[in-house]
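Two complexes follow with chain A in common, the first pairing it with chain B and the second with chain C.
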Partner chain A sequence: MAKQPVAVVGTGQTRFRSHHADKNYVELAQDAAKLALDDAGMVPDEIDAIVFSMSPTHFMGVNDVERWSIEHVWGVNKPFMRVHTGGATGGSAIQAGYFHVASGMYDTVLVVGADRVAETPDSQHVLNLIWDRFYEHDFALNTVTMTALAAQRYMHKYGTTEEQFAKVVVRGRKNALKNETAHLKGSITVDDVMNSPRVSYPFKRFDICPRSSGGAAVVLTNKDVAKEKCSRPAFMTGVSSITHSVFMGDRQGYWADTDFADQDGYDRAAQECYRQAGIIDPVREVDVLELYDPFSTFQFPALESLGFCGRGEATAINEDNGWEIDGGIVAVNPSGGTLCTNPIGVTGLVRAIDAAKQIMGRAGDMQVKNAKKAIATAIGGSTQFFTVSAFSDDYVS
Partner chain B sequence: MSKAKSKSKAKTNAKAKSKAKSKTKVNKLQDVPFNNMVIPGEWHVRYNYSVGKVAGHFFEGLKERKILAAKCSKSGIAYLPPRAYCERSFEACDAWVEAGHEGTIESATIVTAQFEGLPKPPYAIAYVRLDGVSTAMANFIEGENLSDVTKAMAKMQPGARVKVQFNAKPEGRITDFHYRLLKK
Partner chain C sequence: MDVYVIGMDVHDPSDRVADKRLEEMVFDTARGALDDAGVSRDEIDHVTIAACDELDGRSISSMLLATPAGAYLKDELKCTDSGLTGFCLAAMRAGSGVFHLGLVSSWNKSSVAPVEEVMNSRCEPFFTRPIGLNMSITDGLFAQTVADIYGIDEDDVNRAVMEGYRRAHKNPRGMQRQVPPAHEISNSPHLAYPLRKSHQAPITDGAVSMVLASGEWVAEHPNCRPLARIAGMGWRTEGYSLGRDRLGALTGFRDTFEDALGMAGLLDADELDVIELDSQTGYHELAFKSALGVEGLDAVSPSGGVFAQNPYFCTGMTNAAEAILQVNGLAGPTQVQGAHIAAAHQSHGFAQQGHVAVIFEGV
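Let's look at the complex of A and B:
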């Protein structure tokens, strides 16, 4: 277990949009770092180490861009590492920051990053490059098609329809109206989703997240510094991750020990996270979920694997408004989630920030009343990296 | 002449004005007009990927229209794509087994949008578990009319059967074959 309880005492996010013509990459990362330090009431000298959150650099176009960023996030003369687990990068980065502090090696750590996914005109061209050249690269796999395959399998297994997935998009865009940093937001209808151009069955354009640019940062510290700096810190009480092989075909069929359709890497990751956090019944105890949902089909299998309902039940609960902010089983993505904002290198970090802000009472218009426990997740690679992190108003002693 | 003079005078005034303004602004450096300039760039990187012994044997098999899976006798799992070690038993795979030329769809999609550098739509991708093999392998399903996506997808549900169709001249690449739906 942790030698030191770890708390979030400051967070920062820039606005997210397709392009930030007013700034370059490192200036976005710097803005996020400054916002988080200001929020924590700290200066760069109080930061002992830095974890840089950044996924493939092909999107923004400078190879291994963390090097360019060092001075801009005040990392000179400090321990500095980059974390990269694809879409799960931000989820893994904040967990790495957690380990820095929990181990007792450092008091205060800055986790920071930025992305500019739309700097190159077609991100799926880049994402196809994550598959091996021998067996899978040639078959047009990318994050859209791989997720479409999983969604079709899920639909076959549980009978969920395209219209039922569309309702997740409608709820996400509506929630994002209260999120000042969200990229896409607004009142749309199921018909709007259904009538948007088909991309890869079952996805239409509106089922898919935008390509976002922006920066995000978190200040993590131990409980003594947290007491001094923050009246209501968000303690990180559970961190876990599970990793699968690159081959999605290993997780399909009779011999598989997990199912590609169910995102069931979350199964074991959640159990471990809840154990650390002392959560026995997530339905009763968790107030807010910030799920990684870049596609409309992500929430249902995730909610089931995270233990918020049984297999195949999440769709029907959604029909009954069970995942709404008010009156639902648990408030799912009050921020609008990844469907509304996806700056890949920091997406998992944004999930963690939006969860932590709920505990800190700093979520503004998105605030869920009396939020005491929140969970943030992320997924990366070919549905390979799963991270689950718990945030709470008190630490587990 | 006088025109030029008045112009330079105006310039001086503007300069003086901006100087006065800059005194009151703290963030002087960013107090400049919005600039929408972009600098274009491209990456071109060439590679020669060594396939190694396991994949090499698999590709040699394809030339003879054989799809060779790697089997671990301890776990009983036959892997496609083949690999040297079994992830379940942590033992080295110890036998090559020939996969059947028919199999079962585990998941499928029809792509109707053009992605840069990827095939021209529409096309169908499927994970298929070939008979005698434990894992599913990706490839295209060809030979179907994809103009009505919903109708075509109905034929490609998990559980649907496919056959392997080899190219006329296999050259030892994964693209030597594709899947075709088996007509009922």
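Let's look at the complex of A and C:
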């Protein structure tokens, strides 16, 4: 149990889109920081330390870009560190911020970041560079083709079809209509998804997230400051970030400890997070899930590994509208999720913000009634870094 | 926060580790730290990594390196500022009450990294990158500024460099390079006026891992003999611009030490028995000593500091290892007699933009 309970008292997100022609990178980070500070009712001097959320800087073209951002997020001469775990970065960054406060080292921490993924002509070319230069660069391995392999394995194991995955996209775009910061949103059909151009089997274009640009920030603080600053803070009650092997081939078959198709770090991360948060039965206790789902195939194995249903059952539950906001087992991605918005360096932070806002009652049109417990996730690397964070209307005493 | 270092391993320094891949260096060091602590990988509940993609030559380098760093199916976070920043994150995790036994690793194989090109690409693309700023040039700007503000002349710098090599030559854990003759130092070519090539410490390959345990864990394991208690920590990062105030005031450096000293219950740096500074050039060493008010203290970088080994990015971790040896009386020929409390420092970013200090206390 944390020595100091940790709470979210302010959040901020810019609008996300492919390009922000009127802002550069550091201005996007600044906008997010300002929004979060305003939401918390704080000024920069009340921030003791800063954690910067940024994944590979190759997307936007300045190495260690957080150093350029320091003045713009009011970080000059403050304790400052950058966290980076690929796609899971935002999830890891808020957890790093959590440890600043939970340890008693600092009272109030700003976690902030931004990304401009569309600065590069092809982010998948950059993402090819995450692989081994001798063996893996040349056969076009990137995050789309990597994930396509896992999706095919999931389809083989559980019989899920492309049309069934397409329904996840339809639900996500519909939910995003109520999210003013979402990048992609709209009423689309399964046929629209199925008829979009093929990218890598089973993915069509609409099965894949956009390349988003924008910033995100949260203010974390201890329970005493939270009581003073916020009538309904979102307490972070559980944090876990499990790392798996980069080698996908080692994560399937007889000798493997786990199965790559099942997003095989989530179960351990969830168990640890639930243990800390005192969650015994997530189906009964969790009201909102903000899942990291940059592909249509991510939600089903995630829901199964997080304990919301048995292996291979998530697809059928989706057919019965079981993951809808109203009337479902749990409200999954009221924000539209990563399928609608993916600014990679802060995507995990956006998931956490959207979960925390539900607890704080500040989710606007996306608000789930009586939300008291929410879970946010993120994934990075070769689907190998898994973060799970729990938010609650009360802390664990 | 009550956190202890219970085991550590430092990879043998080398200008170029040619017989191992980086993964092997990281694995060997992490394995060595666990063995030194007498704990198994199964027992640790978290791993913290400090590494730089650009210097590792691979986007999201922890994809490959997390497993050799001991993180397979473990709770793992990575920070990218410096090795000693990662150490501070690891300490906060071990001291949070959530986790109790962790492994922290940092590394650099700069022999295969184009360091100056990496640094040039840290510049924003509009103004500073086109004019070619890199590490040497920004260190030259720093040297000009501190020479003016602190009255440092080139003879002082040349002597500081020679003294650094002298101390480093005695350190069996360092490169033990020959001490260069005075004329070699004073006549080496300018990199960026007034900085000469000889004023810079050579960059080496290296890796460091440490095992950290909470006070609760130590209390529950009476057979464990901690190497040191973490008495204080501080880290600050200054702005990106390179104006005179930013370069010369050393505000971030002073405040970093003030934070760490305050946490340790100390008032001044001269209460420390040993300070291992990350002074990438002779100008840095003299400016840092002046800012701390320890010009007269003998025990500043007794290991030889960066002139002993300098695995850039993880140099603060080698400083931490030297400080821990000092408070255990195990530093051998570089031992400062009676050392009980010692500080390790790391500088990072252009012209010491960021600083980290950790104070270790003998147990």
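Following the convention adopted for this analysis, the second predicted complex is superposed on the first by the 397 of 397 C-alpha atoms of A that agree within 3 Å, B and C clash if a C-alpha of one lies under 4 Å from a C-alpha of the other, contacts with A are read in each partner's own complex, and residues count from 1 in each chain.
Simple rule for what comes next: a residue touches a chain if its C-beta (ideal position, glycine included) is under 8 Å from a C-beta of that chain, and two chains touch if they have at least 3 such contacts.
From a predicted model like this one, the values you see are computed outputs, not experimental measurements.
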| item | value |
| --- | --- |
| Superposition on chain A - do chain B and chain C clash or fit | fit |
| First, second, both or neither for A:149, with chain B first and chain C second | first |
| Touched partner set for A:61, first chain B, second chain C, both or neither | both |
| First (chain B), second (chain C), both or neither touched by A:261 | first |
| Following superposition on chain A: angle at chain A, chain B versus chain C, Cα, nearest 10° | 70 |
| In the superposition, chain B vs chain C on chain A residues touched | C |
| Which of chain B and chain C A:253 touches, first, second, both or neither | first |
| Touching partner for A:82 - first (chain B), second (chain C), both, neither | second |
| Partner chain in contact with A:124 - chain B first, chain C second, else both or neither | first |
| First (chain B), second (chain C), both or neither touched by A:245 | both |
| CA minimum distance (chain B, chain C), superposed complexes, angstrom | 5 |
| On chain A, the residue positions that both chain B and chain C contact, one per complex | 58, 61, 133, 245, 257 |
| Of all residues in chain B, those that touch chain A in their complex | 34-36, 38, 41, 43, 47, 49, 51, 55, 59, 77, 79-81, 87-88, 104, 106-113, 115-119, 123, 125-127, 129, 134-140, 149-150, 153, 157-159, 173-175 |
| Residue numbers on chain A that touch chain B, as the complex places them | 21-22, 58, 61, 121-122, 124-125, 128, 133-136, 138-142, 144-145, 148-150, 152-153, 156-157, 197-201, 245, 247-250, 252-257, 260-261 |
| Of chain C, residues touching chain A in the complex | 1, 47, 52-54, 58-60, 62-64, 66-67, 71-81, 85, 88-89, 91-93, 95-98, 118-119, 121-125, 233-241, 251-252, 255, 259, 349-350, 353-354 |
| In the complex with chain C, residue positions of chain A that touch it | 1-3, 55-58, 61-64, 66-71, 75-86, 92, 95-96, 99-100, 102-105, 126-127, 129-130, 132-133, 239-246, 257, 265, 268-269, 272, 276, 380-382, 384-385 |
